[in-house]
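What follows is a pair of complexes built around chain A, which joins chain B in one and chain C in the other.
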Partner chain A sequence: MNILLILIGFCIPALILSWRLPEKLQFIPVVLVTIIFLFYKSPLSLLLLGLSCIINYHVLKYMPSVTAATLVVVLQMCFIFLFFKLDYAVCFNVSQSSILPLGLSYYSFRQIHYAIEAYKKQLPKHTFLDYVNYLFFLPTLLVGPINRFQTFIKDYNRRRWDNRLFSMGLERILYGLTKITFLGNYIITRKLNTFISSISDDYLWGSTYLKIVSFFANSYIQFSGYSDVAIGLSLLFGFKVMENFNYPFLATNIADFWKRWHISLSDWCKDYIFFPFLSITRNAKLSILISMITLGLWHEISIRYILWALLHALAINIWYKYENSFLQKKLDHIPLLKKGLGIFITIHFVMFSFVIVSENTLNESLEVFKTLLVLNI
Partner chain B sequence: MHISNISEVFETLEHSKFQNHTFLQEKSKNISYKQLLNDVNKLCSYFQKNDLKPGDKIILSTTNDYYTALFFIAFLKYGIVTVFLDPEVQSERAKAIIKKSEVNGFVMDVALFTSRHIDSDNAALFHLKIHEERQKKGKLLNRLLKQKKTITPETKSTFPSILDTVTASHKPLIKIPPSHLAYIIFTSGTTAAPKGVRITHENLLTHLHTLTKAYHLDHEARILNILMLYHADGCIQGPLLTLFNQATWVRPFTFDVSNIESLFNAIYKYRVTHFITVPTVLSFMEKFKDSYEDSFQTEDFKCVISVASKLEEKLWYDFEAIFKTQIINVYGLTETVAGSLFCTINPPCKKGTIGLPIDCKAKIITENGVEAKANEEGVLWLKGNHIFKGYLNDEEATKAILQEGWLITGDIAVRDTKGFYKIVGRTKNTINAGGINVYPEQVTEMINTNPKILESICLGIPDTNFGEKLVSAIVTKPNITLEKTELIAFLRPLLEQSQIPKDVFFFETLPKGLSGKIQTNEVLKLIISQRKNIKTDTLNETHQHIIKASASEAFGVAIDKITMMDTSKSLEGWDSMGHLIFITSLEQQFGIQFSTSEMMTINSLKTTEAILSQKLKDV
Partner chain C sequence: MYHWLFNKFGEKMANILIVIWYLFLLALIVLFSPHPDGRFKYLAW
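== the complex of A and B ==
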């Protein structure tokens, strides 16, 4: 929350200047404030972002082979990402802590997206400054979404003062802050968790179930709240950034869930992992598996996230098998039951799968599952 | 409020509360009504000082959009007849237009005075040279240091510097009678004998009322019009229609295919309410729509207005469906100021037609000279206060087109049982290429002056982007070879860009009738058969059907609900798995294999068609 308030604080002068200056100069304050913010909070991240931005743009522009240039950029960004994710940065004394440089998860994936779009020849006409503007856009730098270059440039080129957009932005920030502070921090963390802790051991199943619900609800509220603030800030600057959540708890199946939860990351994995693997292997099951593992490892490189990803990949494959099954067709005649059942099963699968990553160790997760399955009572 | 005299337009404006309202929105500059009025009044004083009189004819020719609009408006106020001369027009035609117009003066860019030899040939006439000020480096610093503008002797007597030497006069101007000539636009005729359309103040004002009514304009309208200002749809439906409504004319750039993205962005960026354009531009927008489908979904935007040439029904439906907006289709000629029949949105008209006449009468006359019944073909005749007064110094041509106040359009039309008119053909030998009329005889005349050519004919063939395009069929002299590029290089100084043939076909002979005249229809058949042999780059309907059927199967959507405009966003079932099924189904049916990059790029049925088309060609 603290960093979010600092972020908002930094955005205010950039915002005023970006609307007051002549059109050609309007983006300079945004880039400058982003640089100052990173310099203040994470100079290492500023160095990484600055260097990768300059190198990648020029490699893609001047290297004769676009395939080779794309490979260079993708491998370089993967290397930087893994170098910090796998804690080599601490080993080699590049970084003092194992915490990832601020925003690296987002700007590395943005740059991979940019490189692959360049390979696909799908980038609009733009300059180096446009690329700088895209990467040094403070509102989405820290918490995403992994917004796309094409949409950013489109918004940049049609940008104008819009009262409606500005008020929507303010509303969205307020909405996000309310979600984080009131719903997340107060209701769930303080009230619900205190209530759960007060439940006697005689109701272990109930308290365990509530704990799982609380973890899922808090994750959703916190993350979507941060996204709301980022989207709201972008709106204040005149940018309509993509949505990152779309009522995921209403998903009627697991494939639907991944179209509603962390949309920018799941879309990224679909476009840049799933499709390339699919075109090479022509094997959808394998492509889903690889995409889900990437998605999992983006969060954390660990066995528990691999397990979590495997479970989701398995669930998606089962869903596709079941989609055209006899049972599904039978249920088509009772749409309300089909929808209700779908939502119930999906949300519970997702919540239970979160147990793998919410507990400190896999053993602890196992204990939770045992409780849920009434095996240790 | 009904304005019947041009002076009332300015009187209303002088007392208007919208003086700070923007008249012209350019990319980095706005011109307010206050500034426009001030400039117009200063120019009128300058005209008085130089003894110009109402009724004088002045050639106007400049590449600066604001200056074109400013002079046209100032001339109207003062009563001077504007003779529009496109600055891009080639010198032979310019010379002929100047000669025919018998003008009293020139307002042109400095460079045009030299290239058209105006100084030496017409020294006694009124001359005003436009010397566009260039933005100088360090201008901001100069402003901060309050440095005065430096006026060189070279620019002192030119426009806009002369504005600094005059003050807006309070001497009353003569009230211009409605029958007074407002402007002349040269549209047709041959290079040597151009035809000038004479439009009076009455024609103009009547029509501005009609356009306002048909488009539902008021002072809040923001009209995006980037059409050429030396054509009626540019100058009348741009600055003048804007002024008439005290609205805003949005013109941040001129059209170029390379800035199609800017055009999409302009709708939202400049809060456009009405977009006046030609079908060719709509066709390009439809082609390059990817990720711009939401461009017209703004709270301000009202409608697209298609002018100047026939709007194909398919393009009309597709455009409205893709961009979720509505189009007003306008039919008119330079001889009718701009429009006559309108397929409006409110009240709704039948799509695919040119709608109904507004503020005028229309009738269809058959070959037998009688009025046609419903659904019977004939030539469209028009009558109304907006119809022009005849061609300049050309009685014969005027008589041929104006009969008892009726204008014979030369277009073949039908009227359905509900009264909606539809254009089905043309009697005149005119080509409408992207909204610009080209007269093939003019081009043939020039081509035949090439010593290597024995005979030739120019004609129009259908074109997906421009509606029609000009092509030439040529027979060279025996044992002489001529390249297309060589011919075009030969024609460039003689013709305007729009008159240069877009394709050249060489034949050993051209089919002729008994009288020895080249048979246009037979030549057209020869050209079409030669093109068929060369071009096979588009997929036929069967292929489109296969694409739709595969999409239907893969995404679980009924085939009749799928159109070629659908994308991964518009088709609900287009998810990762559906994508694989779709791709593999196409691969099996066409016996091809998509590459990684192609698989990743396919995100709409149109893209699929384009990639498939390319792959099948490679195979």
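== the complex of A and C ==
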């Protein structure tokens, strides 16, 4: 909660100044506040973001070969991302703890998106300051969404004071904070988890099942709550940032789930991993596999996240294979049952797959699965 | 939600109810802020 309140606290002066100043100077306080925030919370992140921002923009603008420039930027961002995600920074004493530079996962993927769009010549006319504004936009810097440059610039050029947008933003922040503090921290982390611990001796299966439900619910509430605050803050600045969640627990199949959960990341993987691989290999299954592995490794570079990604890739492939199967066609006549069954199976598959990443070791995950399948009696 | 309240109870009552709703949410945030942080560990950094 702390960092979120600090983030909101930093946004307030930027907000006041940005709406009070003349139009041309409106974004300077936002960038300055972001720099001060990063300097205060994570100077290393400020250094990385600052340097990569300057280098990438100028490489893409002045290098004669667009292909070579894009490759340089993408490889550079991949190197920085992997260097810190793999904890090499600790070995070189760059970072004293295994905590990543703030927002690295988000701004590295934003810069890769920018480079690829520049390669495809899909970027609108803009200046270096626009690129700085895009990367140093405090509301979305830490918790996403991985918003797109084109949409940001469109909003940037059109932004005007709008009472309705401002009140929507305040409302969204209120909902986000309530989700995090009341539903996530109090109801789930405190109340539900205490209840689970109290029944774990008498009802092992029930407590294991509830623990899985609790982990999934907490992940969703916390993450979507933080996204709500980020989207709300952006609205206060006059930006309509993309949604990151769309009721994922109502997904009727696994492909649908990935259109509703962490939408900005799954869209990024679809646009920059899935479609390029599909056009090269003409193999949808392989493209899904590589996209899901990228998505998994974005969270953490580890065997368990690779396993988690493989499981999801397998599920998506199975879903597409049997999407038009005989059983599916039979169920078409009973739409309510089809929808209900789809939601039940999808949510349980997702929750059970989260066991792989929620436990500390793979052996512990195996024990949980054994309990669920009543194999450890 | 506001539109629903507006249609159901009229403008004045809808305004009062929405303010009560926001105050209720604010009270929840203030009351439950001291409770332990249940942040999803792979959230952002």
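Here, the second predicted complex is superposed on the first by the 376 of 377 C-alpha atoms of A that agree within 3 Å, B and C clash if a C-alpha of one lies under 4 Å from a C-alpha of the other, contacts with A are read in each partner's own complex, and residues count from 1 in each chain.
Everything that follows uses one rule, which is that a contact is a pair of C-beta atoms (placed from the backbone, for glycine too) under 8 Å apart; a residue touches a chain by one contact, two chains touch by 3 or more.
None of these values were measured; they are calculated from a predicted model.
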Partner chain(s) touched by A:S279 [first = chain B, second = chain C, both, neither]: first
Partner chain in contact with A:S105 - chain B first, chain C second, else both or neither: second
Touching partner for A:V143 - first (chain B), second (chain C), both, neither: second
Touched partner set for A:H333, first chain B, second chain C, both or neither: neither
Partner chain(s) touched by A:K270 [first = chain B, second = chain C, both, neither]: first
Touched partner set for A:P124, first chain B, second chain C, both or neither: first
Interface residues of chain A shared between complexes with chain B and chain C: none
Contacting residues of chain C [partner chain A, same complex]: 22, 25-26, 28-29, 32-33, 35-40, 42-45
Residue numbers on chain B that touch chain A, as the complex places them: 28, 258, 261-262, 264-266, 268-271, 291-292, 299, 575-577, 579-580, 583-584, 594-597, 599-601
In the complex with chain B, residue positions of chain A that touch it: 23, 116, 119-120, 122, 124-125, 150-151, 154, 157-160, 164, 255, 259, 270-271, 274-276, 278-280, 282, 284, 287-288, 320
Touching residues (chain side chain A, partner chain C) in the complex: 1-2, 42, 99-106, 142-144, 171, 174-175, 177-178, 181-182, 184-186, 188-190, 218-219, 222-223, 226, 299-300, 357
